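Report on one structure; see the data block that follows.
By letter and in written order, the chains are A, B, C, D and E; residue numbering begins at 1 in each of them.
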Amino acid sequence: MVLAITIGALLAIMLLALARALAGPKVYDRILAMNMFGTKTVLLIAVYGIFTDSPSLVDLSIFYALINFIGVIAVLKFIERVEEYDEVVER
Amino acid sequence: MGFSLFNYWVVILLMMAGFYTVIASGNLVKKIVGLNIFQTSVFIMYISIGKVFGGSVPILAANTDLYSNPLPHVLILTAIVVGVATTSLALSLAIRIREAYGTVEENDILEISRREDDEE
Amino acid sequence: MLCMTALVVVYVRHLFSVVMLFGIYSLLSALIFVVLDAADVAFTEAAVGAGVSTVFMLATLVSTGRQEKAPAHSPLLPLAVVTVTGAALIWGTLDMPHFGDPGNPVHVHVADRYIQESPDEIGIPNMVTSVLASYRGYDTMGEVIVIFTALVGVLSLLGVRERRENPVHRTGERHSRPYPVLQVMALLLIPFILVFALYVQFHGDFGPGGGFQAGVIFAAAIILYTLTFGLDDATALLPVKLICMLAAAGVLLYGGTGVVSMLLGGNYLDYDVLAHDPVHGQHYGILVIELGVGITVSTVMIAIFLALVSRAERPR
Amino acid sequence: MIVDIISTALFMIGCLLGLTGAWGLLSFPDFYTRVHAASITDTLCAACFVSGLMLQTGWSLVTVKLLMVLLLLWLTSPASSHALVRAAHHAGLRAMTWSFLGDRS
Amino acid sequence: MTIGHLPALQVVIPLLAAPVCFLLGRWPRLAWLLASAVAWTTLVIAIGLWLQVREGGTISYAFGGWAPPWGIEYAVDRLNVLVLLIVSGIAAVIFSGSWESVRQEIPESRQALLFTNLLLCLAGLLGITITGDAFNLFVLLEISSLSTYALISLGRDRRALTASFQYLIMGTIGATFILIGVGILYMLTGTLNMADLAHRLGGLQGSRAMHTAYGFLVIGIGLKLAMFPLHLWLPNAYAYAPSVVSAFIAATATKVAVYVMVRYLYTVFGPEFAFSAMYVQWLFIPVGIIAVLFTSIVALFQHDIKRMLAYSSVAQIGYMLVGIGLVNVTGLTGALLHVFNHALMKGALFLALAAICFRIGNPRIENIRGIARQMPWTMAAFVGGGLSLIGVPLTAGFISKWYLILAAVERGWWPVVAVVVIASLIAVIYVWRVVEAAYLHPRPEDAETVAEAPPALLAVTWALVLANVWFGVNPGLVTSLASGAAEALFGGYLP
């Protein structure tokens, strides 16, 4: 029961985040949504792992947290670089 | 009956979305993304082949003796690696194409190539 | 949700968004893998799809531009092809074995042997690792070679410059603002990631993980370093030549294990002969080849990333 | 028993916080307010979930791992929010002004 | 002891030589020597396997000591030993003659990488041929494909990049289709070993899922072997790749794909399912005929000789499909012989072109006017290869076409005979265009004088030309191998 509600709520959050990611409007909104989506995935996997008695999934959630962080940083860095180019081009 | 095949149908829908992106999109990078989606959906198909209801992760545990099938997992591990290898090669080709032609739009490239062919 | 993401990917034209949505798509499919009991695959898919592939694509977008043009030709023909293919598949599914039924042919023929016997024959609890490294060890060797081939291909296409030839053109330095917060964070995280990579590498016998996943995690640490400190610092830390040598060494380590087992009288990649006791032999063999996989995968990922980024940093 | 109740309560609080944050993410009017909504709830929400889980598992290696998840989330999530806002600011994304709010109301 | 390991060594040696070759990046000449030595070794191993097969029938090798179907098996029979021989033979010849041409066309920093890629490609092709495991085939297919994409993109023209990208997209779609097909087969049977698959599929005749798997496999492999409407990637890929690479992949890659098709149709699905239930001959015969006629005509209008030969390759694949589609032992023998002979003649022709490229750069018809006087040996080799392509008696090309015609007559399908003859006449025309330009036109005044091609390149070209003649005069060896394989494949099945 608790499991169902928790997972349901997490999925709902993810759905909302996904809606924001799809809606945009700016790239940054999408990144924000992606970040939130990622953290909720981490929690979801942890919850699922503990409740289904397979603690090995917790390793997985640690890893997801890392990947999520690196992903966000990568997007930011590369977007920044593209904007720099645009500035250079405009001048 | 209907429901028991439901997830194959979802997979097929995904596959076709990816496949459509590959063949209909004009942008090379987007083609690559489509290719990835296509492949990922095939992976989901394999993994769902291996699922057993009531089974657990195929790691030996004391409290269960029904495991999902490990073989598709192994195959897909390999296939994922093959996929990323293809992706990285395709991406570097896209970069080179951009440097050589100044664009990654298929139509523009075709136009330029056609002109080159005519000149010869 | 998965369908929605996939369908939107088809429509969105801003390529950064497409790639990010692909990252989300990949995370979602990894979640599905978790639900379908495939922890190892979920690990790998997240590492590769949401992690490495996404980062590679982003790095590419920097040099290729980020807006897609509207398609010029009509979408009818591809749509028709797709519909026909999809219809064929759905037609084929109608009498497929039912999803999740333990009596399906897949579960009763070959795989049952892996499930029943592998704990005794190989002696490690994670069946995925046993099948991957021993029963189908040759496939895994093929996989390492595929990754290596990708490295060779990317190098022959792009090449990696060790150093910037001309310091005046360091646009990155002139424009990019240092991120002190991120740099501190990265320095905090990287040792942790490296330890985690080692844990995953050697814990693969017992839980989800193994050489491939560990390799990607290791590469992720270096990618994080490169992102926060810049390409030059990263290549100073890990010269490209060293990376390439390590990649080849990893492949040779794997293949060499096979050769050794051949010299000791077994078939290629037969680990039974590596020690007096077959189970011990399997242990050693799996340990060594997982190490080979880990080395090759991490170095190849790093090298490809550096190659892509070194192109991206070049001013247009 | 008590542990169960506490952990259930923690889960519920976590759900509530998470949903609030997500709702904020979806409905707030501009980027910076959305960051605010998302990041503030994220931290506490994660804390609630993970501590609830830790209560469930009891004391073992898994608890340590869960703690690591929590620490990681606490470290990375503010950092990425920070980086995100900074990048957006540098890219010239303007914050919503009062006059804009006034127009809306 | 070594004898027993030959099947594994066949693939493992080039696979492991590749990283070594990669480490030799500074010394491209050493890399070349290593690659050639390895290629010759694989040829020796293939001959060893052939001798073994001739004496003892099918050889099976279990990787990791796990008996199939639990482990991965390599299975060598008459069918694939034929393909092994031709692939490793062509590789040995082409690799050893490639140095001069590579040194001229590829920047020095990439030369060792090119040889590494060639080795990987060779290993992949040999592996595809020898493996008895459906999934292992996919992995090795990807090894060879990825290295082929990289090889093509090394071409000097920037259109090489787009050609390679196009090939990558189509090739990956093909590979993914194969993956879907194998997945469905696995779902139905629970095994991946080909022999075991064949055994277990026998009980599943008429299952829709099996039909779907079949369709996906045929289309997937069709993409790889450039079956007629799916051939669009091929001409550009061959035309813009470095000359040596064109020679190697034109002679081997599609042949291996034809082998895979034959293997799936006959061994895995069985001729009964493939021909009596799915009527694949009604796909292959028309597609093959259209391919032969249409692409031969397209070849007539090409100005770039490499492209012309590439289109002719698609036409030759059409012959092979017709041979498979005729559904009798003679037809299949003809198709297999054509696999062998086409590798020989395309190898010879593309090597001769490589020699021409080496001296004049761009091998267009207008550029080679009067060149025969300055490069007599090269042009003579080209003529030799061309005669074999046309199918003149006493060359290898004649033998396989003869078998195809015999098979068509056996079935009483005279139009097929007519098509083979007409297409050969068209081949006469396009080969003649080159010969005319090279021999009958004077060298233009402003053109620079060129010398004969370097001796090493010339030697390997002539080796292949002479092989064409030799196998044309003494066809017995290969013919008996091919017809033995064809009989074994058909088993007791009669259409």
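Keep this in mind: contacts are C-beta pairs under 8 Å (C-beta built on N, C-alpha and C of every residue); 3 or more make two chains touch, one makes a residue touch a chain.
Everything numeric in this text was worked out from a predicted model, so none of it was measured.
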Set of chains whose contacts include both chain D and chain A: C
Topological distance between chain A and chain C, in contact steps: 1
Centroid-based (C-alpha) most distant chain relative to chain B: D
Inter-chain pair with the most contacting C-beta pairs: B-C
Euclidean distance of C-alpha centroids - chain D vs chain E, Å: 58
Whole-Å gap between the CA centroids of chain C and chain D: 29
Length of the line joining the C-alpha centres of chain B and chain D, rounded to whole Å: 32
Centre-to-centre distance between chain B and chain A (centres being mean Cα positions), rounded to whole Å: 21
Residues within chain A bordering two or more other chains: 31, 54, 56-57, 59, 62, 66, 68-69, 73, 79-80
Shared-contact residues (touching 2 or more other chains) in chain C: 39, 59, 61, 89, 93-94, 96, 104, 106-107, 110-111, 114, 136, 139, 142-143, 146, 149-150, 153, 157, 182, 189, 207-208
Shared-contact residues (touching 2 or more other chains) in chain D: 72, 76, 79, 83, 90
Complete list of chain pairs which touch one another: A-B, A-C, A-D, B-C, B-E, C-D, C-E
Chain A contact footprint on chain C (complex, rising order): 1, 4-5, 8, 14, 16-17, 20-21, 23-24, 27, 30-31, 34-35, 39, 42-43, 46-47, 50-51, 54-55, 58-59, 61-62, 66, 171-172, 175-176, 182, 189, 193, 196, 200, 203, 207-209, 213, 217, 220, 223-224, 227-228, 312-313, 315-316
Interfacial residue positions of chain C with respect to chain B in the complex: 2-3, 6-7, 9-10, 15, 18-19, 22, 25-26, 29, 32-33, 36-41, 44-45, 48-49, 52-53, 56-57, 59-61, 63-65, 68-69, 71-73, 75, 78-79, 81-83, 85-86, 89-90, 93-94, 96, 98-102, 104, 106-107, 110-111, 114-115, 119, 125-128, 130-132, 136, 139-140, 142-143, 146-147, 149-150, 153-154, 157-158, 206-208, 212, 297, 304, 307-308, 311
Chain E to chain B touching residues, read off their complex: 135, 138-139, 142, 146, 149-150, 153, 158-159, 161-162, 164-165, 168-169, 172-173, 176, 179-180, 183, 186-187, 192, 303-304, 364
Chain B to chain E touching residues, read off their complex: 15, 19, 22, 28, 31, 35, 38-39, 42, 45-46, 49, 71-72, 75, 78-79, 82, 85-86, 89-90, 93-94, 96-97, 100-101, 109, 113, 116, 120
Residues on chain A engaged by chain C in the complex (per definition of touch): 14-15, 18, 21-22, 24, 27, 30-31, 34, 37-38, 41, 44-45, 48, 54, 56-57, 59-60, 62-64, 66-71, 73-75, 77-82, 84-85, 87-89
